[in-house]
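Have a look at the structure below before the remarks.
The chains carry the letters A, B, C and D, assigned in the order they are written, with residues numbered from 1 in each.
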Amino acid sequence: MADLSINIAGVEWKNPVTVASGTFGSGMEYDEMIDVSRLGAVTTKGVANVPWAGNPVPRVAEVKSGMMNAIGLQNPGIDTFIKRDLEFLYGKDTRIIVNVCGKSESDYIEVVERLADTDVDMLEINVSCPNVKEGGIAFGQDPKALAHITEEVKNRAKQPIIMKLSPNVTSISEMAIAAESAGADVLSLINTITGMKIDIERKTFALANRTGGVSGPCIKPIAVRMVYEVCKAVKIPVIGMGGIATWEDAVEFIMAGATAVSVGTANFHDPEASIKIIDGIEKYMDSHGISSLDEIRGVVL
Amino acid sequence: MAKVIRECKVVSTDKLASDVFSLLLDAKDIVSTAVPGQFVSVYSNSADRMLPRPISICDTDKSAGTLRLVYRVVGAGTKEFSELKQGDTVRVLGPIGNGYTLEGNSAILFGGGIGIPPMVKLAKALHENGMSRENLHVVLGFRDESFLLDEFSDIATVHISSDMGTIGMKGNAVQLAEAENLVADVIYACGPKPMLRAVKNFAEARDIKAYLSLEERMACGVGACLACVCESKDVDDHSKVHNKRVCVDGPVFTADEVVL
Amino acid sequence: MADLSINIAGVEWKNPVTVASGTFGSGMEYDEMIDVSRLGAVTTKGVANVPWAGNPVPRVAEVKSGMMNAIGLQNPGIDTFIKRDLEFLYGKDTRIIVNVCGKSESDYIEVVERLADTDVDMLEINVSCPNVKEGGIAFGQDPKALAHITEEVKNRAKQPIIMKLSPNVTSISEMAIAAESAGADVLSLINTITGMKIDIERKTFALANRTGGVSGPCIKPIAVRMVYEVCKAVKIPVIGMGGIATWEDAVEFIMAGATAVSVGTANFHDPEASIKIIDGIEKYMDSHGISSLDEIRGVVL
Amino acid sequence: MAKVIRECKVVSTDKLASDVFSLLLDAKDIVSTAVPGQFVSVYSNSADRMLPRPISICDTDKSAGTLRLVYRVVGAGTKEFSELKQGDTVRVLGPIGNGYTLEGNSAILFGGGIGIPPMVKLAKALHENGMSRENLHVVLGFRDESFLLDEFSDIATVHISSDMGTIGMKGNAVQLAEAENLVADVIYACGPKPMLRAVKNFAEARDIKAYLSLEERMACGVGACLACVCESKDVDDHSKVHNKRVCVDGPVFTADEVVL
């Protein structure tokens, strides 16, 4: 029998599959359809220090083999989140990763400190948010800003921190090295790639926000390449994501070097996708005589 | 009212107007708990279309276990559904959303365009609840061609309008209700946003409670992604901001809780 | 009757549709299937100063709604190209754009100078090639290197020069401005996005080159966004491409601000794609009462 | 021999082995000029699969205007083709490539696995050219299950091997030809690269001219993209480097012009 468990920055997961932030709420909404406790970990929707209203609608649009979103990080704020969403997750037998967003370093720090004495297992820091103080370019698009926020968060965090990289950069390995050097415990990638869709009949943008983040199978080859580049560049573990929809996709990311994988947009196409992927990896390992994921992780590196 | 995902067999298909189609699905587990005003998410069989299409429950036959969907072909997804043949299968998630609250002794049902289908199951439910034909007003606004009329004629008083005047009064459903001076205990509406705004005004002017079914672009269809929000008058208890999710907090809202 | 013609950097095209470099040879290979003279312009496969052998096979792989390639710019060299490929194109009633590649600035300059006294209408400079002297990072990923090569080429070129931008950058508008300031007459974008595919059964890369350029409909939202950003940032005309497969796609790029559009991977899916797109744009204009593309170009800007 | 693109109707389908299928298409304009050893590009009907699948011409019936393709299901594209039903359509470009040069008074045809199908039309052409059954040796290497055997039995001397020995000699086609000491004026081969290398050695050792049909990943299938190259012994006149395009310079090459 294959052992699907992994150890990532000291945290044991029963299997390498989590769900991508923003595509699974905090699991509550999927609870009636799937057994959330089957997941290796649940990564929650991004949460900020205070409630955010997000962007105007339309917030999503479909594109070939994928979608675009500009939700604008709507969230109920950390207080409600701790009381309601974490309470739900404590009742599940799965690791809890809280995704954190903010408009300034102090926003992030506030959330991280509020989570210090909770039973959250890991923190994922979404640095694709615009750094309002620095003219709005995302923290994750500038290696110095990324290193700085990584350091600040790491100094306060009681849990291992996962820095979630933006793919909208010239060199993803440069960003990965910046985060690793600044103390990140884990890297996750990729966040969405900025895209645009125009409704030619209405002569306007498909999304009210004009641009949105592209996700889904259409970005998978780009995500695999970036995960591979990052795994070659750093020593800390990597959570790979971007277009994973089948167990074969998950294995592809693991072979590129990822320790764990995250299922995002595929949840929208099939709420059972993450469970099917876990089952698929197990069957694959059994049929190929693979007893531990260590045997295939990064085989192509 | 648990949502379930099922691979549903196509029992039959029908063309109701030049671009309006009816799909009868074998969907026992979905219809068993469905109430009027709820919808389902229909997934494409084409690998390049990832997002489900939300389609209102038009009607259900609980004993036969069948679900009826009526939809207009507007893009690639609905085009694909229109090409389904008997025996094909399609993946469906549902039932989703809150549905209409049945109340009052008389009602006006406003259906605009492709907002008409959910009025079928609603009218039938009100009828089964004992609402008389005279008290059950169904006001329909078509673009040009009519469809589903027969579903209402035995149980409700039907009023018809169309944009071009090709059938019924020339104008929209709310103008027709005004012209006919309709009143009732409660109003139910589904249709395009301009129509819903007019229904809201119509209801407020007459101090009638109104339930409006909203539409918005969706991704998850289960309340998780926050794609499908509408503006709420008050801070919403779930979101902690002035946003409600159309998919699970709606699609039906009272006219006074949302900003249109 | 709609007028599809455009004027781009002083060159008249009968319609705004060209074919993307590398996907159409020099037109010869498509000659028996479509009427090459219907095209607004033919953009040739990249040509260098001397023959290049390109990469080992496999050179292509399919991905969801797209493909990856690592041809490695195989080409017969400028001498053969002038004698054979240009001779063929002279016989066609279409504009000729020669795509130029090189491993050093002097490679590019040699090709540009050899083309000076030919009847080529425009030159497209592919700066996604690794700059061998500068450690292999592509010319098109560093604004200074891009500005420098733009200037060098512009100083020698007898034809208007199109600088073809790489999408593998943090800020495409920064690159666009660099090229414009250095004298580019036109910008074209996007080139392919670097991706990777792993064959999990064989535990190896799908492409011998490991990474390859992703193209096709899967990259369209990213391409539209970049074309939009560039059109907002510069005054020179833009040729938009990346996943165009239908006339609707072409109109989307024009609404984002593109003066012309280029059809690439779609040629592989349907050799008649470019012709269908021209016909589709014409029908669209006629049915919408649009007499010139000026009426819709950049409407969303 | 102009290549044309046609939307072809499926005349019939057949399953020849557990994963090998036969597709008969109405493809008049394609078969009218086709010669043995050429192939066609078959496009997927699924929007997310952009690249055509190269499939050898197995057989043609010029009077009926039909094209026969025989293929093994190895991935999503061939799986899709195997689900085509009579009356469905599929887009096909062809005929592509050079095909085999017919020569000599005796021949050995090596077909390995899914390299067997093109040998059908080739054997028929040689037979029609007057080559006797005794002089026309068809040496087939199967994995385990056989297919297409009947196509050869009347016109050629058939030799069979299989990887597991489930049918014919246990071993590969070249080992079988060696064991049976076959000789002829010319050799034609299609199959996996290791088999082609063995055929090349077999031919060189016996000083027999050999034509080998190669496979490579393709994108355009018409010679434009330079995806499908193989290494040529000499500088190629078209590419000016040691590369030939399998799609249009091949798929058939003489054993001495390519490096395997």
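Here, contacts are C-beta pairs under 8 Å (C-beta built on N, C-alpha and C of every residue); 3 or more make two chains touch, one makes a residue touch a chain.
Just so we're clear, the structure is a prediction, and the values are computed from it rather than from any experiment.
For chain pairs B-C and A-B, the one joined by more C-beta pairs in contact is A-B.
The interface at C-D recurs elsewhere; of A-D, B-C or A-B, the pair that shares more than half of its residue-numbered contact pairs is A-B.
Most remote chain with respect to subunit C, judged by CA-atom centres, is B. If each chain is reduced to the centroid of its CA atoms, subunit B and subunit C end up 47 Å from each other. Chain geometry summary: the mean Cα position of subunit A and that of subunit C are 34 Å apart.
Inter-chain spacing, taken between the CA centroids of subunit A and subunit B, is 35 Å. Subunit B and subunit D have CA centres that are 56 Å apart.
Residues of subunit B in contact with two or more other chains: 47-48. Looking at subunit C, one finds that residues 64-66, 217 touch two or more other chains. If you sketch which chains touch which, every chain touches every other chain without exception.
Taken together, the subunit B residues at the contact with subunit A in this complex read 2-5, 43, 47-52, 91, 93, 216-230, 238-243, 248. The part of subunit B that touches subunit D in the complex is made up of residues 46-48. On the side of subunit C, the complex with subunit D involves touching residues 22-25, 29-30, 32-33, 45, 51-54, 57-62, 64-67, 69, 71, 74, 76-77, 80, 216-217, 265-272. Residues of subunit C that touch subunit B in their complex: 64-65, 217.
Residues of subunit C touching subunit A in their complex: 63-66, 68, 141, 168-170, 193-198, 200, 203-205, 211, 214, 217-222, 224-225, 228, 243, 248, 251-252, 255-256, 296, 299-300.
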